[in-house]
Amino acid sequence: MENNNLREQILFTANADPKKCMKCGKCSGACPNYDEMEYHPHQFVSMVQNGDIEPLLKSESLYLCLTCMVCVERCPRNVQPARFIEAVRLAKIRQQGENRLTPQQIPAKIEEDTPQQLLVSAFRKYTK
Amino acid sequence: MQVKNENWKPLIVAFCCNWCSYAGADLAGTNRLNYPADVKIIRVPCSCRVNPMFILRAFQRGADGVIVCGCHPGDCHYTSGNYYARRRMTLLFSMLDYLGIEKGRTRVEWVSAAEGQKFAETMNSFVETITSLGENKRLEDLRCKTE
Amino acid sequence: MQRIGVFVCWCGSNIAGTVDVKKVAETLGHEPGVVFSTDYQYMCSQSGQDLVKDSIRTYNLTGVVICSCSPRMHENTFRKAAASVGLNPYMVEIANIREQVSWIHKDMETATEKAIILGRAAIAKVHLNAPLIAGETPVTKRALVIGGGIAGIQTALDIAEAGFEVDIVEKSPTIGGKMAQIDKTFPTLDCAACILTPKMVEASQQENINIYAFSEVDEVKGFVGNFTVKIRRKARYVKEELCTGCGLCTEKCPQKKVPDEFNLGLSNRRAIYIPFAQAVPKVATIDPNYCTMLKTGKCGVCSKVCGVKAIDYTQKDEIVERKYGAIVVATGFEPIKVDKFEEFAYAQSPDVVTSLEYERLMNAAGPTGGTLLRPSDKTHPHTIVFVQCVGSRCDEKSEKGKPYCSKVCCMYTAKHAMLTREKYPDTEVYVFYIDVRTPGKNFDEFYRRAVEHYGVHYVKGMVGKVTPENGKLKVQASDLLDNRQLHIDADMVVLAAAIEPDKSARPLATMLTASMDTNDFFTEAHPKLRPVESPTAGVFLSGMCQGPKDIPETVSQASACAAKVIGLLVKDKLVGNPCVAHSDEMMCNGCSQCQNVCPYGAITYTEKEFRMPDRTTAVRRVAQVNPAVCQGCGACTVTCPSGAMDLFGFSNNQIMAEVDAICK
Amino acid sequence: MQDRMIARAKELLADGTVDRVMGWKKGEFLYDATPAVFYSAEELDAGFVMNAFTAANVSKYLIKETKKEGKILAFLKPCDSFSFRQLMNEHRVDRDKVYIVGIPSWGKADMEKIRQKGITGITSIEEREGDFVVNTILRETHVIKKYDVYLEKCKNCKSKEIVVYDELLDGENGAAVTNSRFDEVAKLEAMTPDERFAFWQNELSRCIRCNACRNVCPACTCEKCVFDNPKSGLENKAAATSFEENMFHIIRAFHVAGRCTDCGECSRVCPQHIPLHLLNRKFIKDMNELYGDFQAGEAEQQRHPVTSYRTDDAEPGVIYTRGGTGK
């Protein structure tokens, strides 16, 4: 599993255990935005568990989850699928930080009238 | 400094409850899991039958270590015996420590009837600890000032 | 001084291969008190035992030490051998030189040395052994069965047929329990009432069975063989011995708006009622919460119409005290409350029902006379969605559901689906399942028949939401295999609610000092080998109170339970374990500490008169141990500061002697 | 206070409430007042004392007294009342046979400590705010700071509350007081095992097995002590082994664990000045830390920490890992 590190990272962020899932599908049964999504809540759980994360990172489903938490509320096993979706979403954001801006690149880009606050928020946003 | 007794071998008394730990010891035997012969087992009905006096008596008579084994908390054949044993032994061990007796001469382990392996491992590690502590002199000497 | 014989077993080469048995026998022969010492190839064999017996006779032995395998293996063998030649069996001690010596040590010298030390310890103990005679307690030859469902009825019938008296205590007005509410039974589909009601009648006619219906257990005292139980016979306001069950009163009663609990509130009954036609005992009961006469003193219709003058508005609860030798718990189960699962809209729509309610809707004697009609508008439903595992298999921390599988839901849902399709082929039936669990004789065949012959739509997935809308139930669910979300417009939704132990079980367990698990199921004495007994001696378990099970399993367990009870009741006397605690009254302070730690309540106190050293007498509070209740754990002996409390067979000085022998 | 007590005792004797009085009797010297029973007003006038030396805990005597006919008047100091309450918990005394008058105690003096100040031949002692005023045969008057000559048990007084009484001499009850009674235990715990061993070896080696600690202890009330009981497996009247010698104090402390009210009598009476209370306090401290605060005798108690349990109690290994026990 090449994505093992990423998987570990996502599991850490999610702070939930996909092994508790008994594959009942109640999360997807309850999901109000199911039809719009390519990957559904129960798939997030099992794909993270299987380390199958690349497709999730690329999928629009990440942004189609409304974070309504109904899957968390309904899950009989307290697996909390929304946490996995959110964790993958975070992983995606963090990856973007890697190819956008590094502190080394900044001095060259600074212009005379760049506000300090912009720099600070840029660091916040793009580094991790 | 005391003269080191070259022939010294540790003497260890193990109190085992009849239902779990004694059966665990039997299982260790059945599985031929080796542990040192320095360990001698005394069978008691329950770990709560172990009177602190027995432990002190063993030390006083020359035992170098005493280990009490019982069912895992919650599994006691008599439902609550090992819970009482746990409090009593905690307090007794704390007192021995307070009197300056080396830590590690006393131990409590929960060994189930299925844990032959754990029994053997526990005894091996306990004998190792006692061997490294050496001969038990302090309890015998508790009231003899050597000036 | 004891005269001790030492017998060292070779156990073939099991012991003799690593332990110098000759040397052990020889060395132990020189121990004080040892008058005979020998070794033999197989001590547990007949000839080995004969050797022990002969030596006891020849040398007048008063104590025997066997150096052999674990006492857990052959202690009883040698005790019996000793007893057969007149030596008290508790004068035998075993030194375990196989499991603790030969099998774990490879070096002959070390092993032999350790074997000798263990032998010495056993000899030291035997020196202090005293003959023990097991206490005997008489057995009251009557059993109490708590709960009159199929489990309780079956257990009671089996015990009664063996010739013992049985009392059944049932909290509702009739026996029959949950099975009486069920329509058909899987997998044979025979009608539940047709097989249950004959048993109910049999129970009422069996002369050894006495039914206390509408009664509850108030107090339990005593111990195995000797329980004293207080039974509260709740006031029916009808004289049970006079009422003929004609039912006239239940027709004339003007209070008609009482939810009928037998039909789970799906219909109404009168304030005076007989739960169902085949009720046993068939006696009317007045519901004091609804009876106008009892509430306001104005009415009295039932009393007027009763031809046998059975109505008694002044009746009070009555306490009956009875003695029993054994108590059977058969308190059964109830379905969990499903209104906590808001997503299924159970509280919002009457067309969302539980499976047990569905049973009543299908039943010919039910609220709809056996025609399947939606509760809301009494129309025929065309699309029915069944949801499995509602509240079963939840996370352990779940507040709504249970962590276990309720076991029966897969099968009864298949039954409902099948029966529905059979009677109403125009109905579309969907079953949403997580797994379909059908272990059991003819069970999977039954489920497959529902799918293949009856065309029930089994969907792997779960219902996420039920929305009542325009007289329909909009069901949103997942179909995991097709990876799609389904939207079904259903007419009815049936929830396979998890089952849980009856609410009365926990307080009863407290009265019985019987243990329960975190789900309030009674625990068995051993999960594999003693599954119908509670760890508390004399208390037995029958049916669902021990864990989820279906009717055939319940009946098998009920009969097994009866066999255990009969096994206890046929004994005239119970022989206890003589290794029990006893208190030396001369030394007892009466401080109650031992009583506080005793897990069995075996210790009580009495005031006794003692002669004091100054020739006066004084009354002192002293502890007494009931040997029939004491299990011999020894918790009290360590708590006792004065050492007044000691344990037979493992006395303070016996264990001290072993310690001394080992540490010599 | 002595006069008020005698007056009240006389009243109670006269009106028949009680037929005898448990109090303290003058000894040969002022400082050796001992517990005694008085049967009449005359006896009270002749011998009843209450002063800075009446430290003895009288509750233990009430076990025997309540076995007798009639009702006895007992004057209980706060610490005596804890012991009495504990004895009630253990059904050792008959509450109905005692009329209890609670008396305040502001700390008792230790004669040894006074002697160490070079003062002998005491003829009287009076209490004053913060001081004891002592007169001697040599007609000297000494003013001593109370705290300097307090008994150990009074120095670390745990409570001024009288927990069981029929009436209070002063009409007012005291309350628990903050104390630092575990400081000494903590100090020992902070030592290395070698230092602790040296400390205890030094202390316990002085023991002459006079049994004074056992005989005075209001928790050691066994009909027959295990050490005198041939069936206990450790009786040893002839001292055949050194077991009892060595282990006596550990076992005694264990037997009173959970029942010891920390009245401090054991240390007070020890002729060899062994700080025996440090053993009992170690158990009290451990129990408080591991199983929650508990004060024996404080209230009606069915169980104490050694006769109860929680399923999530600490494992015995905790004593090897938790802080404060040195290296």
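As written, the chains take the letters A, B, C and D, and residue 1 is the first residue of each chain.
The working rule: a contact is a pair of C-beta atoms (placed from the backbone, for glycine too) under 8 Å apart; a residue touches a chain by one contact, two chains touch by 3 or more.
A quick note: this is a predicted structure, and the numbers were derived from the prediction, not measured.
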{"item": "Joint neighbours of chain D and chain C, given as chain labels", "value": "B"}
{"item": "Distance-to-centre winner among chains (Cα means, whole assembly as reference)", "value": "C"}
{"item": "Of all other chains, the one whose Cα centre sits farthest from chain A", "value": "D"}
{"item": "Whole-Å gap separating chain B and chain C, where each centre is the average of the chain's CA atoms", "value": "37"}
{"item": "Separation of mean Cα positions, chain C and chain A [Å, integer]", "value": "50"}
{"item": "Inter-centroid spacing, chain D versus chain A (mean Cα positions, whole Å)", "value": "68"}
{"item": "Junction residues of chain B, two or more chains touched", "value": "52-53, 57, 61, 80, 84, 88"}
{"item": "Two or more partner chains touched - positions in chain D", "value": "226, 232-234, 306-307"}
{"item": "Residues of chain C whose C-beta touches two or more other chains", "value": "597, 639, 652, 655-656"}
{"item": "Touching pairs - complete list by chain label", "value": "A-C, B-C, B-D, C-D"}
{"item": "Complex interface listing, chain C residues touching chain A", "value": "343, 389, 393-395, 397-398, 401, 432, 434, 460-465, 476-480, 483, 485"}
{"item": "Residues of chain A defined as touching chain C within the complex", "value": "20, 22-31, 34-35, 40, 42-43, 70, 74-78"}
{"item": "In the complex with chain C, residue positions of chain D that touch it", "value": "67, 90-92, 221-226, 229, 231-234, 255-256, 302-303, 306-308"}
{"item": "In the complex, chain C residues that touch chain B", "value": "70-73, 96, 98-101, 103-107, 110-111, 113-114, 117-118, 121, 515, 535, 579, 597, 599, 631-635, 637-639, 647, 650, 652, 655-656, 658-660, 662-664"}
{"item": "In the complex with chain B, residue positions of chain D that touch it", "value": "185, 188-189, 193-202, 204-205, 207, 226, 232-234, 241-243, 245-247, 250-251, 253-254, 257, 279, 282-283, 286-287, 290-291, 305-307, 309-311, 313-320, 325"}
